[in-house]
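First the structure, in the form of structure tokens, and then the observations on it.
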Amino acid sequence: MSPIPFEHGLIVAGILFCLGIVGVLTRRNIVFVLMSLEVMLNACGLAFIVGAARWGNADGQVMFLMILTLAAAEVAVGLGLIIQIYRRFHTVDINVLSQMKG
Amino acid sequence: MTMTMTWSDLIPLLPILLSTGTVVIAMLMIGIRRHYALTAAITIIGLITAAIAALVLMPDTNSQITPLLIIDKFSLFFSFVVCIAGLFIAILSFPYLYTLGDHREEFFLLIGLATIGGLVMVSSNHFVSLLLGLETMSMALYGMIAYPLHCRDVSKYPLEAAVKYLVLSAAASAIMLFGMALLYGHTGTLAFSSLSENSAGLAVASGSWLSTVGVLFLLSGIAFKLSLAPFHLWTPDVYEGAPLPATAYLATVGKAAMFVALVRFIEITDALSIASVLSVVGLLAMASMLIGNLLALLQNNLKRILAYSSIAHMGYLLIALIASYFVEGSLSIEAVSFYLLAYVIMTLGAFGVASVVSSSQKEFDVIHDYRGLFWRQPWLAAIFTAMLLSLAGIPLTVGFIGKFYVFFAGVESGLWVLLGTLVLGSGIGLYYYLRIVFRMLMPIKEQVAYKEAGIESLTSYGVLAILFLLLVVLGVYPAPVMTLLESAASLMG
Amino acid sequence: MTILFYLASAIAIISTLCVILQTNIVHALIYLILSLLAVAVIFYVLGAPFAAVLEAIVYAGAIMVLFLFVIMMLNMGQHTRDQEKSWLSARGWIAPGVMAGLLLVQLLSVFAQIDQDLSGQRIDVMAVSGLLFGPYVLAVELASILLLAGLVSAYHLAKK
Amino acid sequence: MLDLIWLLPTFPLLGFLILVLSSGQLSKKVVALVGAGSIGLSFLVAALIAVEFLNSGAEFYSMTAWTWMSVGQFTPGFTFYLDGLSLVMMLIITGVGFLIHLYSTGFMIDDPSYSRFFSYMNLFVASMLMLVLADNLVLLYLGWEGVGLCSYLLIGFWYDNPANGAAARKAFVVTRVGDTSMALGLFLLFAQLGTLNIQDLMGAAEANWTSGSGVAVAAALLLLGGAVGKSAQLPLQTWLPDAMAGPTPISALIHAATMVTAGVYLIARTHILFELAPTVQLLVAWIGLATLLMAGFTAMTQHDIKRILAYSTISQIGYMFLGLGVGAWSASVFHLMTHAFFKALLFLGAGTVILSLHHEHDIFKMGGKRKQLPVAFYSFLIGSLALAAFPFTSGFFSKDEILLGALALEGPGTWLWLGGVVGAFFTGIYSFRLVFVVFFGESQAHHDDKEVAGWNMAGPLFILMVLSLLGGFIHIPVESVFNHGEAHEEHHVSGLIHGIMIAVPLLGILVAYLFYGGRQLSADKLMANPLAAALHKFWFSHWGMDALYNTLFVRPFVYLAKLNRLDIIDQCYGLVVTLSRAGHGLLAKLQNGMLGWYAASLIFGLVLLMTLGVLL
Amino acid sequence: MIIVLLISILFFGGVLAWLAEIIDPRLPRLVALLAVILDFLVMLTLLGADADGAWLVSFTADWIARFGITIYFAVDGLSLLLILLTAFLGVIAVGSAWTEITERTGFFYFNLLWTLAGVVGVFTALDLFLFFFFWEVMLIPMYFIIAIWGHENKQYAAMKFFIFTQVSGLLMLIAILVMAYLHYSQFGAFSFRYEDLLNVETSGALGYWLMLGFFVGFATKLPSVPFHSWLPDAHSQAPTAGSVILAGILLKTGAYGLIRFTVPLFPEAAMEFAPIAMTLAAISIVYCAKVAFGQDDLKRLIAYTSVSHMGFVTLGVFAWNEQALQGAIMTMLAHGLSAAALFMLAGGLQHRIHTRSMAAMGGFWAQVPRMSVVALFFSIAALGMPGLGNFVGEFLALLGAFQANITLTTISALGLVLASVYSLWVIQKVFHGAFTGDSDQQGQLLDLDRREMCYFILMMLGLIWMGLYPQSFLALSEPVLDGLLSSSSELFAALGRG
């Protein structure tokens, strides 16, 4: 088995990260935005695992665990907020949230 | 380096442990029986003990607790600041939330949790603890920002603010994490100290593109949290939409803890020795000073003004941080520390004044609301004026000494362009601070119906008085604090 | 194994692409789960079986189910597809695409300069848990506080 | 006795203080007593001092009251310096001054601001005495400015009429131009010679500077600037005719007898300096000549009784300058004195005319007043004779000396003399034109009041008449002042020259008679000629000088001041404000509240940082 | 210690005045008056003080050891003159506010006294940090005075005043800090003390920039073209007492700074810069005189004349010889009185006819003869009439400047002519001519009352004293100037300037 180059792992993470960004920027449905955020966070986790694989230490995996925790908490709070938005505005369009400006 | 915990490690962790205990007790309390005043009291007492613990530990504690946390004079000083700020905000939020038509007790839980996050951040010298501290605080802040969202009669948009903050902050965290991942990939370690020199001989400051990009990603994320231009757009909306105590918390502890962590990261890893990072930070500073001040110029909403001005203040702070790269010695770190302290005092004061006249139903956050305050409540107006003048950096106030420090650090390092921008920015800044002062001096035409100050507000006035005293005392006789900071900062130099 | 890596990577990327392009939210969620599973495979290939399992269980399992809950709760079925379509104009893709593309190009050009192989060393549960209960014990505690904060916030926000 | 010299300016100053501090509470009698009495006392002291000084035979006497300021080498004091020149001046000022004060007690009796008038007058005399008694140029400058101030105050005495105010300001500002030049002269002298004490200065100048050296020329020129301003010579003469807006005694005292001759005094005082700068000295002569001719032409065309006298004053001071320029120092001072007598007489006479005719100034609205106003008539007759240098009147001797001095000068002397003679011809014409028009011919019906002339007005007139007639026989003791500079050898002058100098003024009087006395010639017919009419108009406007200055200086200044009322520099700062506001507007637009936009900015920032990181 | 006492009296007097309002709104003015008079009397005791080294009295205490900052006050003849002027005008200012300020009197006198305290601090502080501290402290109460008791456009004026002085002050702060740092790098310790900083080597380009920092700070306060444009607004909007303090004293702090700090600290740079500074001075003199003439607002006009007159100070300072410096100092003192008086008059007029527009004035002489005489007196003082203080100052300044630069002195001397143009124009427009006010005002304008006359007569006597016997003032500043000049004379000789 030929070893996988480190940079290839990073490239995959990078691509996923950028796709997440595109998702956050383009979607108006807040659920999609949240999902794209998960993609970004996941890409970060991947990058850590890739790093861990390069150095052969477990720190990266610990970090991945923390990201996992973070992602879970964030989704919980985020989804809570989505429910409130939907209750109040009966839509999931983030553009309704633009009453403050200037 | 100690790899695992021992019992003796628990002593330095006392501030964190005490606040955690506070949160747990308060939560249990709520579980048993909801009692507003009692929950508040538990939180306040807990934070006081945590602050006292930090103070007591400060003189001679210097220990690394597992790779994650470092408890030294520097972190304890800011632990103290964080606890006190949290405490003051807890006191201020008591009357503010008094009339909220919803569960009010959780707010204190959230304050406690956020404070734990802050404590972890100021003590962290490891990516894991940094991430956890930061996100703990963010989680709590999401809750605090959106806190009154169930009430139909709130005048603000807590929901909008919370969503904006959550989405953007999560994105920024992701960017930061990606940066951390790149740095980890480059060095194979997550501890700041080994990022600079590790067994593989790869340091952050090695100048390789991977580490540069990693630092830049990390910096972008931090810049967002500190709302440096051009990452500042979220700031005014979140400040405006959030209830005043939450805004105050975000503006003070949120900024200060992040900055302390940034200082530690920069100082330990020597990241500024990467030329492009140095120039990027310089540009961030300049952009923040100019854009922040310009944005505040004609703004009529007090919270937004303070949001914009915080952008500028973070820019000022960056000058001192940059200076630390150029000159040996601890002066610029002292400058950062003192300025942060000053910034916390005066920002808390300014938000505090707004919060004592406001309630969760009706916030008075348009500067016109303060018209004639000077003749209605002279002492409140005097405190407010002092806070604003301090923000503007006028002598007799702590803000002046802070600015003096920054100037001195900049001069020492010869950062003329940045200092020039600082002067320009300060000039613009005067305008909008004085605008508010002028509003207060105007004759009273129509009475603005402020919140009736009941017995529950007494402590808030006490907090304001303490802040005012601090402002003046530190502005006139800062020597003792300077001595303290000198020894604290020397650990970083 | 190497082939598996590239295969899984390709699946992850393509299905993620589908997530952000999808107008049907349930389909999107399924693509996301697919992507997460593919990443789990990558983890496994890279010698992190523990992470792979967690990715599959917690991420693709628990978190995604949360999403599903909300989608069901908000009743975002077929009728929202048209709305989604109308929200996704071609023009709206340009700026994000350009920015993300630029970022990606920069990242790739940096990554291209690295010439480093992965160790391929397997890090099993023992190693990870050794760390978690050794030097990172505080991290675990702090993570619990993080979850607590999330819990309190979510509890307060999501209630009626 | 000599050490009482400080009393000279002190009496008038005390008078001034009493009048000012009483702020109009005193009765007119007391005011008159204080106002005129203080000058009288001064005159008394001056006379006593003069007697003692002349008897003592000393060349000079000086006393220091106190050191004004002492800054390094610069140590001017309040020091009084008495020599022949200042003695003459002091006597003229106190003597003629007293007469005019006395006259004023009657002339101004109906004026509500009686006390204000005398307070200004007293301050003026005090300043004037300071000027002539000063031993250093700074103190002289104090007096110099003081008299200018009083001149301003008195020209604008009737402040109700804005025209008077304008005239007063014009007088002050125009002379201030000269004064500034003089101040610069002082700076130059101090910078070069390290002192401003006049005697030391002259000694040092003689010792250090060669004749015609650049510094000497510059210093003399700058002082000359001051002199022409104060003495209303070209090119700063335009203020004097307008200055006639003040009460007539003022015109007599300030704008005829004393202040306007301060320039002559200054040049005489610093004559050594001018001798060191021969070109400047010659310039003085030419200025004098040009002024006297120009003013002579103008005087012939005026209708206003006081303006005629004013131009005549300018012209006569021109003679003095001519004298100074040719080195006839004592002749100039002599003319200064005689001019003080007869011009004071003329003005006071004019004052009587004006007062009696209810402030009528136009001579063509008078006529045949010989009988009605006898005192005025004789005043004018005698004054005009002296002015026109009718033989053996005071003016004859002094003007004669000046012209002879001019003739004595090598080179341009003849031309200067010729010009002076022509000027004398004009003098004859305009002075008697006035006499014939006002006092002869047909009486105008609407003015037929009695002459207003109490003893206090008539008395001074009589004394001045005597002085005008006989003043030529007074010997002024100035030899010791000028002895080293003046040409001592008697010039032999042919009888023809003498004849011409006697005949020309008579010729002028004859011409005046032909036109205005006997009406053998008609001015109106002359005016029918377009060229003559144009010339008349041109001369009447005093050669268009006022218009010229208006166009050159006044209007552009006023225009610029109004144009830049908002201060262009301030507006530049306004630009900064505008820019800031624009910046704010632009940046605030970015805060559009859209979450997607904010997220984009976040990513944009990241990309920007990355790009910068790569570039930098 | 006596200096601390001087400042404390004013500080606590201010607090007391504020509190006194609770008892009776007319009490604060009495408290203020007493405080200022007491201060003045205490200062008089300094006149007899024996010189202790270079200083008559001095006071030192630790403050911020970290930066070598001390509380260091000292008084020499120069500062003594200026603090005497401060207290004197303080009395006048209290007097001018006596009846004009009827609202919130306590706070007003509090601000007034604190401004004075700040100014006394500026004139006596010799630790540069302390100096800067007071420099800023005096601004805030002044801001309040303008912002609360000012006229129609007070916000703009107060803001402009504050921003101009602050921004320039920050530039000065940078320069001060660099000096402290240079002291550190040359002597191994931070210091802000005046004597220490005098030893700092400041040649070269850095010195030039530092000097510019100080210059901008002081020139803005002075003010000199092109930093002057805050002054007309501040003056026209400030209440009378504010204008008195502003024109009489605050402007002098700029001049004081130039003499005390800018040139002595950076002799070489200052000499290099002198032609430019003197050019700015000449432009100030002529340009602002011209602009003054174009004004319709009486207070604006006087404000521009202030700029014009302060040009003589700049000119004198940068000519840097004994006559010029004495001239500058005398101009400061005399202008302090004459400008204050003119502003009081303008304020008095505004109080009576509720406008500052000269278009609405005219022919007031017959209505208010005493006021007219007083106005006449101070106008002619302003135009430099010998025998009054302004003349001594301007004459000496020009005399000294002439030795340094003939061309610029000549241009500046034009100011003497222009001064007469605008001064007399004011007299003509306001007091002479026919009465042009509202017809119902005729005969109703109140002339100056006895109390007001008292203040004016005091100031007149002051000006006459300065004009006729300036020696009593010159003698105080002479030893100071001798010291300054002797320390720089060698250097200038080397640079080819005497």
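Order as written gives the chain letters A, B, C, D and E; numbering starts at 1 within each chain.
Here, a contact is a pair of C-beta atoms (placed from the backbone, for glycine too) under 8 Å apart; a residue touches a chain by one contact, two chains touch by 3 or more.
This is a predicted model, so every value here is computed, not measured.
Q: Could you tell me which chains make contact with chain A and chain B both?
A: C, D
Q: If every step must land on a chain the current one touches, say how few steps get you from chain B to chain D.
A: Shortest path length, in steps: 1.
Q: Go ahead and name the chain pair joined by the largest number of contacting C-beta pairs.
A: So the pair of chains linked by the most contacts is A-C.
Q: Name the most central chain, where centre means the mean of Cα atoms.
A: Going by the distance between chain centres and the overall C-alpha centre, it is E.
Q: Between chain C and chain E, tell me the centre distance in angstrom, where each centre is the average of that chain's C-alpha atoms.
A: Spacing between the chain centres: roughly 70 Å.
Q: If you average the Cα atoms of chain A and of chain C to get two centres, how far apart are those centres in Å?
A: 6
Q: Averaging only over C-alpha atoms, locate the centres of chain B and chain C and give their separation in whole Å.
A: 31
Q: Indicate the whole-number Å distance between the mean C-alpha point of chain B and the mean C-alpha point of chain E.
A: 42
Q: Give me the residue numbers in chain A that touch at least two other chains, ranges are fine.
A: In chain A, the residues touching two or more other chains are 6, 10, 17, 20-21, 24-26, 28, 33-34, 50, 52, 54-55, 57, 59, 62, 66, 70, 73-74, 77, 81, 84, 94, 97-102.
Q: Could you list which residues of chain D touch at least two other chains?
A: Answer for chain D, listing residues that touch two or more other chains: 588, 591, 593, 595, 599-600, 603-604, 606, 610, 614.
Q: Give the residues of chain B touching no fewer than two other chains, as numbers and ranges.
A: As it turns out, chain B has residues touching two or more other chains at 128, 132, 135, 139, 142-143, 146, 149, 162-164, 167, 171, 175, 213, 236-237, 299.
Q: Which chains touch which?
A: Per the contact definition above, the touching pairs are A-B, A-C, A-D, B-C, B-D, B-E, C-D, D-E.
Q: Using the touch definition up top, name the residues of chain D that touch chain B in the complex.
A: Residues 580-581, 583-584, 587-588, 590-591, 593, 595, 597-599, 601-606, 608-610, 612-616 of chain D touch chain B in their complex.
Q: With touch defined as at the start, can you tell me which chain B residues reach chain D in the complex?
A: Going by the criterion above, the answer is residues 163-164, 167-168, 171-172, 175, 212-213, 216-217, 219-220, 223-224, 230-231, 233-234, 236-237, 275-277, 279-280, 283-284, 290-291, 294-295, 297-299, 428.
Q: Can you name the residues of chain C that touch chain D in the complex?
A: Answer in residue numbers: 95-96, 99-100, 102-103, 106.
Q: Considering only the defined contacts, which chain D positions touch chain E in the complex?
A: Checking each residue of chain D against chain E gives 20, 23-24, 66-72, 74, 78, 138, 141-142, 145-146, 149, 152, 156, 159-162, 165-166, 168-169, 172-173, 176-177, 179-180, 183-184, 186-188, 190-191, 557-558, 560-565, 567, 569-570, 572-573.
Q: Using the touch definition up top, name the residues of chain A that touch chain D in the complex.
A: It comes out as residues 21, 24-26, 28, 33, 94-95, 97-102.
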